[in-house]
């Protein structure tokens, strides 16, 4: 991937990520998150991980966030817009973030493997969709099935918790 | 300035040329003439005349009369376009301005972006006729198409009035619901082809016959015959879902003019409205192209062998290249005419019927269809 | 004899069948669902003694790379099964309260899933007990957590339950984020997700101590939420109080057992890195100390019994962490620590389930969960009062109970490891514990009831209560059977080596 594209998309992704938090308007926050997801997908594509990039758009930007936006619009959260920042929360959040970033920087600077460039990835013999499929259905089958049960439980939960009247 | 050398300028130039050709040379003309065709065909169906007067305005350049070709009225799209461009760009006072302006763009861009992975021809001037030949082609189409919902949702919300809002709620719930059956109905096809790349899909159909018409390669095996059943089911579900995805009648509830004025674009006018219009028709073209690629062999012409000459820049090769591009868009136009025909034949569904059809029938049938296909593929060699 | 994964499959199949039965049966009563679930779980429990062991050298692609069936995981599986059975019995007792708090078309509608979801949690716990790979552990942990999100918020007619659900969901998601981020660091460092392979890679990794510690700390933060260690305990009181009582019981036992088992499994490869082992122990000791102090001292002024038990749950996490912090730098010590933690968890399970079962039954008649509502319970139902007395004594650590022996083992570990600060803290907090646990007993036996009508206990509940009380005494006097079950194997991972 061209370094220019990498830096451009990373910077955009982070900028939109910050804008998710700083925007007082929930609709703007949600849309910033969508934009952030799209930039993330672009990064994946830049790493030749087309499948994950496209799935990122299809699932998160195209389905999950549409529903989020939908609900935000239906709720019409005008009160959210008027709310101002709580100074202490802001300070605390900034402090925690600063600490975390400082820790991360310290770790990375003391990390020998971080100093040398990552070796180039070999060219895969089969395309990435097939590889993902093979990994899921052969090697990682047990965790995959477990996740299947998890999704079932989650959907039961959604129905149970959201039906107006249970029958 | 090392990195400038790394940039594949040739590839970028070729891609831009292909994109420009595809959008301005083919798709936008098809869009404008689809609108025209829509009016003429509806007139035909309803025993009227339709727009048959507007000619090409050569009288502007000093000629006696406007040029009338064939049935006449072929200048209508040009007149429409000029009208859209020259109308006042009106923004109502009660709208949320930023999103109001953003929405038409978001409706238009994804629709055109989906065209990037569609192989609309074989070779022309030695270039492969697809802008981006990615290995997740069909998923890319679905992904980008799913982004198109934002334009409609935002249009309805930012208009700050009730009809657009109702329209946009309907549109987005409809699109999200039918995305499921759309994606699931494509799975059997992908299972058969064994690849997500759309060029490979066409290649498979060249070698084994079109999926919908498996005899186009000259022979018909038992396996192909058996697979025909799920493919047919897939085709029907895919097409119906495509109608819902593009908000066409009989599923045009988002803009059902009798109850919602004009749905999500009630407050829009001039070029902003035109963008919605373009987006909708571009989405139709993209959808039809996907149908053509997945089920109707893409640019392949039956019983016409693929010539190696074509990848060269000889006149014969170029002619063949254009022939294949024409074949592709002829098929697309065929599907578009089918869209129009359905629109003026079937009455509108009720919203609960629409949801019921999507969730209770199409979704389940598509799901079962996947298992049937998998079983046939596994059992019949 | 059949492979151990059959147990999970059976539990899941039971869940699916009951779900279908719930949807399609004409019967309006959902109680039979819970009863048949308890019955079938008992059979599965019995079957768990007839499983084959893991193959010595699993094939590269087989599920044995994610799954182990060593004796320790088998014990944890059985614990999960027993807990689920007790929770289902509790849920049966709780049905009336539940039905009142959900918007239903008719009496008792919508309670079916409440009896079925615990089965999925159970299968998650069982899979987690066997997980020897971070991917598997994460999937199983999320299965457990997500089913808990649903169950905690199940009474959506009750404001408290909804609030608990939202709090648990948000903080749980946050902790999951930390956990996954930690896993990605571990994977980035070692290129492996299997615990044994991670251990091998970590031992040969030179000069990356800070990065390894960072990865572990992220995982510890994630697990800290699950086991309710201070400073990640803030969700506990509200969630425990707001959730339906059977879910609270399940949460305090299941979530804690899962968290500690995973903690031990994750710690093992890291303790093998000699240069950072002492730092890890320091972190664990600080966590243990903070958890001990907060859990026990904050419980002192509580008047709501469920909230009290919530803080007590934090306090017990402190004792468990104290045992973990005594693991010493040599990984060989993990075996005995594992046994201590295992026994403590087992004892905790008995007494917690007992207190919540009594709480569930009694609160339906006392119309409240405050300690004053339990005034004079001994006059209304000597049976329940005695059961709660046993539970409270065991939680406090009165000799001859399982709780006492658990604490004794923990302190013995601490003495061995010369963790004098923790011992001092532990002694103080045990004293505090005596005060707040015995306050409940005092209310039951020395206060006059506001309403002296006797309380009836159903047969099934009576049986479970008797079993739990018996368990507390039997294993308090003779802890050998449980301890040996945990000690047959040196460490949870030794079999995989």
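Chains: A, B and C, in written order; residue numbering restarts at 1 for each.
Convention: contacts are C-beta pairs under 8 Å (C-beta built on N, C-alpha and C of every residue); 3 or more make two chains touch, one makes a residue touch a chain.
Since we're looking at a predicted model, the values are computed, not measured.
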Two chains sharing the most contacts, counting C-beta pairs only: A-C
Label of the chain whose CA centroid is most distant from the centroid of subunit C: B
Identity of the most central chain, Cα criterion: A
Distance from subunit C to subunit B - Cα centre to Cα centre, in angstrom: 55
Distance from subunit B to subunit A - Cα centre to Cα centre, in angstrom: 30
Approximate Å spacing (C-alpha centroids) for the pair subunit A, subunit C: 31
For the subunit C and subunit A complex, residues of the former touching the latter: 12, 19, 60-61, 63, 65-67, 102-106, 109-110, 113, 116-117, 120, 123-124, 127, 133, 135-136, 138-140, 142-143, 146-147, 149-150, 153-154, 156, 165, 189, 206-211, 214
Complex interface listing, subunit B residues touching subunit A: 3, 6-7, 99, 134-136, 139-140, 142-147, 149-150, 153-154, 157, 165, 169, 172-173, 176, 179, 195-197
Residues of subunit A touching subunit C in the complex: 103-104, 106-108, 110-113, 138-143, 146-147, 149-150, 152-154, 156-157, 160-161, 163-167
Complex contact set, residues of subunit A against subunit B: 2-4, 27, 31, 34, 38, 50-51, 54-55, 57-58, 61-63, 66-67, 69-70, 73-74, 127-129
